[in-house]
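Structure provided below as structure tokens; questions to follow.
Naming follows writing order (A, B, C, D, E and F), and every chain is counted from residue 1.
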Amino acid sequence: MLHTVNKSPLERNALESCLKHAVKGSAVLLIEDGVYGAMKGTVKSSMVEDAMKDISFYVIRPDLKARGIDESRVIDGIEIIDYHGFVDLAAKYDKTQSWL
Amino acid sequence: MLHTVNKSPLERNALESCLKHAVKGSAVLLIEDGVYGAMKGTVKSSMVEDAMKDISFYVIRPDLKARGIDESRVIDGIEIIDYHGFVDLAAKYDKTQSWL
Amino acid sequence: MKFSILVSEGPYTHEAADTAYNFTKAALEKGHEIYRIFFYHDGVNNGTRLTTPPQDDRNIVNRWSELAQAHELDLVLCVAAAQRRGIADADEAKRNGKDADNIAPGFRISGLGQLIEAGIESDRLITFGD
Amino acid sequence: MKFSILVSEGPYTHEAADTAYNFTKAALEKGHEIYRIFFYHDGVNNGTRLTTPPQDDRNIVNRWSELAQAHELDLVLCVAAAQRRGIADADEAKRNGKDADNIAPGFRISGLGQLIEAGIESDRLITFGD
Amino acid sequence: MSKRFLYVNRKAPYGTIYALESLEVVLIGAAFEQDVSLAFLDDGVFQLVKGQQTDELGVKNFSPTYKALGDYDVNKIYVEKESLEARGLSLDDLLPLTYEDEDDDWAEKDSIKLVSAAELAEIMEAQDVVLSF
Amino acid sequence: MSKRFLYVNRKAPYGTIYALESLEVVLIGAAFEQDVSLAFLDDGVFQLVKGQQTDELGVKNFSPTYKALGDYDVNKIYVEKESLEARGLSLDDLLPLTYEDEDDDWAEKDSIKLVSAAELAEIMEAQDVVLSF
């Protein structure tokens, strides 16, 4: 399954709840304000880094750039994609769950 | 100052941030989904109980009742008020800050 | 005491519109003056007369219109926010080349200066939002 | 592959409407089929023709209408959600005794069954909301 | 061929309309004879708290509608244990939701199934369509 | 008599419109010659991050407008230290916001003042009107 998270992990519990419910082999795509979850060096970074053992992480580049987050600040191993990549993920995984 | 909080402390950081910025002698009014912050026995109850030394807490009864939260579940020392009480608080304190 | 209210969310989706209404009603009942109610962000959606809520639910828009009429309230929709979200009176519709308007009775459209002025002129300004 | 999209928030206030649009455009560019775009909750506010956004900003409503025309998209506003929020076509306006309607070109109003049907008939249903 | 639909509820009632409008989708969806489940986790568990009284707030109390779900053959209602516990709640605090099991001489049975986060994760993974509100 | 207005910004930009529409209020409010301050805390500090590029997203980049605030005599911009640190940010990551001090021979000075949560609490308490978006 592909999970999308569009909330900042510093404001809401959506990412944390998502990671608690994403099984091994699933993917998490960070979109909109969710891209703050892809940043290195925040108080929530380790939560994502720990989850990367079992889950693939992706983040939307147009959302990163709009917010001034340079790619060098993205946690190593998170793949940066555009909307075409989002479509590919949505097609690859059999279903999508949005953590609103 | 009167602070109002309308978000569940179990979903968002609004109550926590409010309590970090409420000085001694100020008041916090829990409204809308913020009334979940008035409940005993949740993982966030102690945060409120600790803050009660310096801050007065109030909660809106119509919001508690709508959500099925019996008054017996409200943390001791939090005063339960209606909208007239809200108006009185807004008049008593020289300004109101909404933690949206 | 002189209160003003800022409503930042639309009807039904967030409770803000209900809380703002309940607060306003209570303030009036206690003899306070409501200097102005300013609708900003999605709050401008409180001012459309095209809503048809279910019969067993409250009619948030009509409730504002009736309270405004009963107490001569000044209900102001922010023009910039209203343009973004498609709330227009006859003048705005004409200016923007629209073939219809949808503002509800008792509301008027004006600028953000009306919010600042409310903050200056009122004893208290209370915000209800998300 | 056959995609359907659920849009749960209105234009401008939340990014959901932008992400849904960008996703839809990308899916079409990649040759996928968009079976339906269903607008629910405040999402119905994407379908009002009365918006007038600032000239230097995107026009979210027109963008949907143009994409619908170019690709024969099925843009459906939930009738119950639209009634609550004041979005009406000519039929709805007449039925509910309203003197105006505000639906934008390319949108139609229908029931929630259209969302369920989209979930059944499409390979993927993706939700964008708050 | 019927699809497995899961409705995920993570938001508290009344503060926002999502709980109410989610329920409207579930009721309409019940007519389509798909395999329907509901999940309540995080603040979504508050939707099922019993004793809701909305008259003073002036809004519609929609919680009785949950009790009608059994009549619509919606009887797989998963409530997350960890979410309840974090909120100081137990099953006793929730609406009693039941259905009559036609395969068991119409015996009345509980619709609510208490599950762990790990179990809920597997339930989510087993669906065809997941709708979140 | 002028009032002390504080605009409190706690939300990230672009995900929601609050940051942009808050800035519109500040610009209009600047014409009223009140005593104006802005506070950025929690995710609000993200509003001031430099290097925002919105062309790929297809929305308006409003961050240059913050740099114009000094020209409107809006030069008390409080940024919370704890909020920056929790997000792995420092002042170097933020837009350089300055103003020309007419009381000091129009010298260019920093508008941003880094404050602790405790200091910000006192600043909030010292206002007449607090607007939160």
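We adopt the following convention: contacts are C-beta pairs under 8 Å (C-beta built on N, C-alpha and C of every residue); 3 or more make two chains touch, one makes a residue touch a chain.
Please read all numbers here as calculations on a predicted model, not as lab measurements.
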Label-sorted list of chains bordering both subunit A and subunit B is E, F
Taking each chain's centre as the mean of its CA atoms, which one is farthest from the centre of subunit E? F
Distance-maximising chain from subunit A - centres being C-alpha averages: C
How many angstrom lie between the centres of subunit A and subunit D, each centre taken as the mean Cα position? 26
Starting from the mean Cα coordinates of subunit A and subunit C, work out the distance between those two points in Å. 38
Subunit D to subunit E, mean C-alpha position gap in Å, rounds to 27
If a residue has to touch 2 or more other chains to count, which residues of subunit C qualify? 8, 12-13, 15, 22, 41, 54, 80, 125, 127, 129-130
Residues within subunit E bordering two or more other chains: 11, 14-18, 42, 57-59, 129, 132-133
Each of the following residues of subunit A touches two or more other chains, namely 6, 10-11, 13, 32-33, 62, 82, 95-96, 98, 100
Just spell out which pairs of chains touch, all of them. A-B, A-D, A-E, A-F, B-C, B-E, B-F, C-D, C-E, C-F, D-E, D-F
Can you tell me which positions in subunit A touch subunit F when the two form their complex? 6-8, 10-11, 32-33, 36, 39-43, 45, 61-63, 65-70, 73, 82
Once bound in the complex, which stretches of subunit E touch subunit C? 14-17, 57-60
If you look only at subunit A, which of its residues touch subunit D in the complex? 4, 6, 31-33, 62, 82-84, 86-88, 90-91, 95-96, 98, 100
Quick one: in the complex, what on subunit C touches subunit D? 10-13, 41-42, 45, 48-54, 61, 80, 83-88, 92-93, 96, 98, 100-102
Which stretch or stretches of subunit F touch subunit C in the complex? 3, 5, 17-18, 21, 24-25, 28-29, 31-32, 34, 129, 131-133
